[in-house]
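The structure appears below as structure tokens.
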Amino acid sequence: MIKVKQKKMDEEQFFERRKAVLSLWHTGKEVDLEEAVAYQKSMPENKNFCKVIQKLKKEGKSVVFPRAGTPLVEDEIELVRALYDAGVPLLPCTTDSYTRHLQFEKVEQALEESIKSGRPKLNGFPIINHGVKNTRRVVESCGAAFNPRTSRLSNSLVGEIAFASGMTAQPCSFFPWFGSYDKTATLEECIDTAQYLARLMGWYAEQGVILTSDLHGWLPNGVFPISINVATMIIEGLVVAEQGVKSVLPLVECQGHLAQDIAAIRVTPQLLRRYLDRFGYQDVIIPGTAAQQVPLYAFPRDLGGAFGYVTYTCFVGALGKAEVVSPRSIDEGIGVPTKEAHVDTYRAANWILNVVRTQNIEFDNEEIQTESKILEAEVTAILEAVLNLGGGDIVVGAIKAVDAGVLDSPFPLNIHARDQVLGVRDSQGACRYVEFGNLPIPEEIKDFHREKVTAREKAEGRKMDYYVAIDDFWAISKGALVGTPRQ
Amino acid sequence: MIKVKQKKMDEEQFFERRKAVLSLWHTGKEVDLEEAVAYQKSMPENKNFCKVIQKLKKEGKSVVFPRAGTPLVEDEIELVRALYDAGVPLLPCTTDSYTRHLQFEKVEQALEESIKSGRPKLNGFPIINHGVKNTRRVVESCGAAFNPRTSRLSNSLVGEIAFASGMTAQPCSFFPWFGSYDKTATLEECIDTAQYLARLMGWYAEQGVILTSDLHGWLPNGVFPISINVATMIIEGLVVAEQGVKSVLPLVECQGHLAQDIAAIRVTPQLLRRYLDRFGYQDVIIPGTAAQQVPLYAFPRDLGGAFGYVTYTCFVGALGKAEVVSPRSIDEGIGVPTKEAHVDTYRAANWILNVVRTQNIEFDNEEIQTESKILEAEVTAILEAVLNLGGGDIVVGAIKAVDAGVLDSPFPLNIHARDQVLGVRDSQGACRYVEFGNLPIPEEIKDFHREKVTAREKAEGRKMDYYVAIDDFWAISKGALVGTPRQ
Amino acid sequence: MKKDKPTVITGTIGVDAHVIGTKVLSRALRDAGFNVVELGALTPPEEFIKAAQETDADAMLISSLYGMAELDVRGFKEKCIEAGLGDVLLYIGGILGVSRHDFEEDVVKFKALGFDRVYPPEADINAAIEDLRADLRARSKL
Amino acid sequence: MKKDKPTVITGTIGVDAHVIGTKVLSRALRDAGFNVVELGALTPPEEFIKAAQETDADAMLISSLYGMAELDVRGFKEKCIEAGLGDVLLYIGGILGVSRHDFEEDVVKFKALGFDRVYPPEADINAAIEDLRADLRARSKL
């Protein structure tokens, strides 16, 4: 029996749940909602994620949104300042893995060891252990708008502390949790968790503070067409809108094929708008579009390759006129990036974004048109199938769709996913389906994919299967878009 | 009285001049033409510049052609091997400045000091001092095809030694000498020098060895529309073709505005072909097109900016489908690049070239069309004016055109250039004329430039003059395309 | 005891969610003829031990990408010994530290923590499978 | 002797062809009210000395970008003294060494070679002009 529905949580129920959330760790006590609203309202526009992006859109600019977090407050301040000074007006606050799993005692221990050894022993900023007062110091240390990144278990408390500390955005994306971070949680549980944070953001919105939820969708854990990701992103958008979120930012995963990536950057916000409007969320703002370097492929470990991949993504994002571009750092394949690696990365990224956007380049061609049509048709078919399954309730539909394999993605971490689908690149590097599983892709579009896959099969004289998918997965780290057999 | 004409040197005269060339330094004695032809013919196709590029064209690939030279033979071997292993099949051999000025004794001294101090004391490879035997060791040390780079005074002897050592290309470009390297030489002297090397390459061609001359044209010493550069490149092509050169490679200077750069990459070889054919050089091959990062602008000195600029140029070159792309190294703004800097640069470049060319992206838009038309109209107008001045003789015409300012370029080093022209960028970063001097640009095209310049004038509220030209000159090194006033 | 089809345990340890590598590794081991008990991502150390006991495993091939492996495997070898698994081969691979560092440091560190073999990022799995066969043969288990 | 319009010599020394910087510098000096004798690129040391003698110059602002300045200016200060120009200020700027190196090394090196001031790559010319004024004032030449 599916209990979670597409329905706004009533205030009472919300505040009841809230008690449990805040009691997860003692810093929960530092959150005072009234005071937090006042604090939020006292902040200038450059601290608000939504407003910063709206302004970028108006001015036709693109900026970098990186990924960064380091355990100690003073180091984190140094890091965010360095990034801000390197021209980054939107900053994340990436939490560490222990925080993500509510292992706060372990965090304390690791913080101590980090101090002692002079080396970071956590892979992010433990915002919950640091609490509101300390986190405000980070937020106030530079002129950027902040957006914390964490995963399911800690999402609610991280949000409480982040917003009270002056951060103004946070993903309520339940599909990445399901597909990539949480092994045993059901989609229903993931949605339930996301609804809490969305309701909290809705509450802030009722008090006049617009917080933004960036939407991620089910990450394609491998080389895989982007339509499942976009469809699930739209599902997330509808779910958070129902809870009262007033600003959503679609985050488009760039997988390296320029025509596909530009098509996705253009089509995704259009489709998101269409579905938001259809269900009555006309007042939800889409301040802009974020294009991100898909966080999944093995990254080049050599300096040249790393800069090649980073700048390429920025080039695609800027040609697509995304307001926000998120490349990985040049240290992605190596480990948590050093401050210098961050700065060098974002300097390169800004060089590209600035130079490309100045030119206001119009870029369109047949491939982009084709990929746009394919993407739109696939996403629409998937969403309609989901709505059908749910009898009009998108939440119920999504939960059933995952069970039925109508929503599916390769290499999932979660034990409840079907894992019956697979993608490879075609000879030009576009992502195509080889195994459709139960995905409700229209037959003529399936034929399109089959044709492309067959063409590569012929060109390379080998079957397009799991092994090719793995070769393609490694390609980008080896300086290519299309994989070749590994020796 | 102009003595140099567009006329093939007769063999006798050529061999007479040759004596003087070879006697410039004792290693001239090492050149044995018969043996050199046999040596050239014994080399595989991958050693021939022309053939390598023809193959790239057929396969739809782009490769990097870097710039590199270090004084000691063993270091040079290490360097070219590292580059070749990083995926660079076309290699330069950049000579040092003393070689360029025939100061061979100083070279000897600097070589000794380089050995003693363990640090390079010359900014390139002194090919003349090293002679044929040593240089062959470099050529044979890896699978690349070689192309030496030097300047006027040493051009003839460098060519003699290079071709005898198995190198298969060399610029006979007299305009860069005139505009950027040689302070007092007249254009006539420069052409006279170039004709010698072209005649030598013609001689090799008669024996069945195709050597390639890359054409550079008058470098725009600053932000300046590319038409003078393209027109003078075509003049160079006609001049070397007359001397018997059978393969010419246009080298297009990318100045950072995508539509202009792509237009130039496309239009230049077309126009070159048209003029070669018109004057009867139908058998001269244009194996492909080289796109190079203009070697003139101050380069970003920070690692991120340097990679940004390098990779950007590679995108543009790859989108333009140039077979050869020449970025500067990431150390460009710092000093002669280290081996590591070279390798990192070309890894990044190859990442981009490979990924972009795999996709076979069709890219066209209104701006590219417009810039193509403007460029074609300007180049044609300039060339017709030059031919008129010369009464049909392109050499005579070019010499008179420089005197008349019909050929002119800003910031020339040469005292004989008029220096009455100036360029700035428009608000989108395209290069436009502000001072036309005596350039024979058609009136309606002048209006086009004026409009664009006025638009920027209005947008920025300042006059577009010399100071803006300087700001624009520095822009790219500061992470922008369009300059802002320096504090 | 010699086995036709040795049993190996795979998974990422602790709260590491990077599942792709261990999935790929597991399939390769299966293709190479091993009996693979695939625990997947986010596997607590205790579960590795339990699985090894239950399946009489010959080796554990542990992955960790997220940089915090050191904290996760402290005392693991000792617990294995306590559980009577002193003889089970322990391999670990992935990205074993946070931030830029020298892989050789990892080798020293994790060998001291009781691992038989330590693999660098992007390790070649075919070579690793050869190592495994050699080690099993040396212990007369193959 | 105090002058209204001090005379300065500019140019790149030796066989350095990088003319743009010295052109820009010359124009800025002129804009700032100096009398500029612009020798342009590729100027042999002897020519600098000749020009300074002929124009009774107060300073030479020498550029070198191509990395071989050290070899070009060896003995230059001594020749200036011989020529009775011991009192003429000597400035140098540009890219003073080949390949990556620390600018502080250049300062030490070129000061030892007799230069009064040494400027890093991309030096701010307005600041340099201020330096020049201060140095001239200190010598009661402005």
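Brief remarks on what is shown
The chains carry the letters A, B, C and D, assigned in the order they are written, with residues numbered from 1 in each.
Just so it is clear, a residue touches a chain if its C-beta (ideal position, glycine included) is under 8 Å from a C-beta of that chain, and two chains touch if they have at least 3 such contacts.
Just so you know, these numbers come straight off a predicted model, no measurement behind them.
Take away chain B in thought and the touching chains that remain sort into A, C | D. Considering every other chain in turn, none proves to be in contact with both chain C and chain D.
We define each chain's centre as the mean of its Cα atoms; on that basis chain A and chain B are separated by 45 Å.
Averaging C-alpha coordinates per chain places the centre of chain A 56 Å away from that of chain D. For the pair chain A and chain C, the distance between mean C-alpha positions equals 31 Å. Residue numbers of chain C whose C-beta contacts span two or more other chains: none are found.
Chain contacts: chain A has no residue touching two or more partner chains. All chain pairs that count as touching, in label order, are A-B, A-C, B-D. For chain D in complex with chain B, the touching residues are 14-17, 19-20, 23-24, 27, 40-42, 66-68, 71, 95, 97-101, 121-122. By the touch criterion given at the top, residues 97-98, 100-101, 103, 106, 110, 119-123, 151, 180-183, 221-222, 296, 298, 301, 331, 333-338, 341, 411-413, 415, 466, 470, 473, 477 of chain B touch chain D in their complex. Listed in rising order, the residues of chain A touching chain B in the complex are 86-87, 256-259, 300, 302-305, 307-309, 311-312, 315, 343-352, 354-356, 358-367, 428-430, 476, 479-482.
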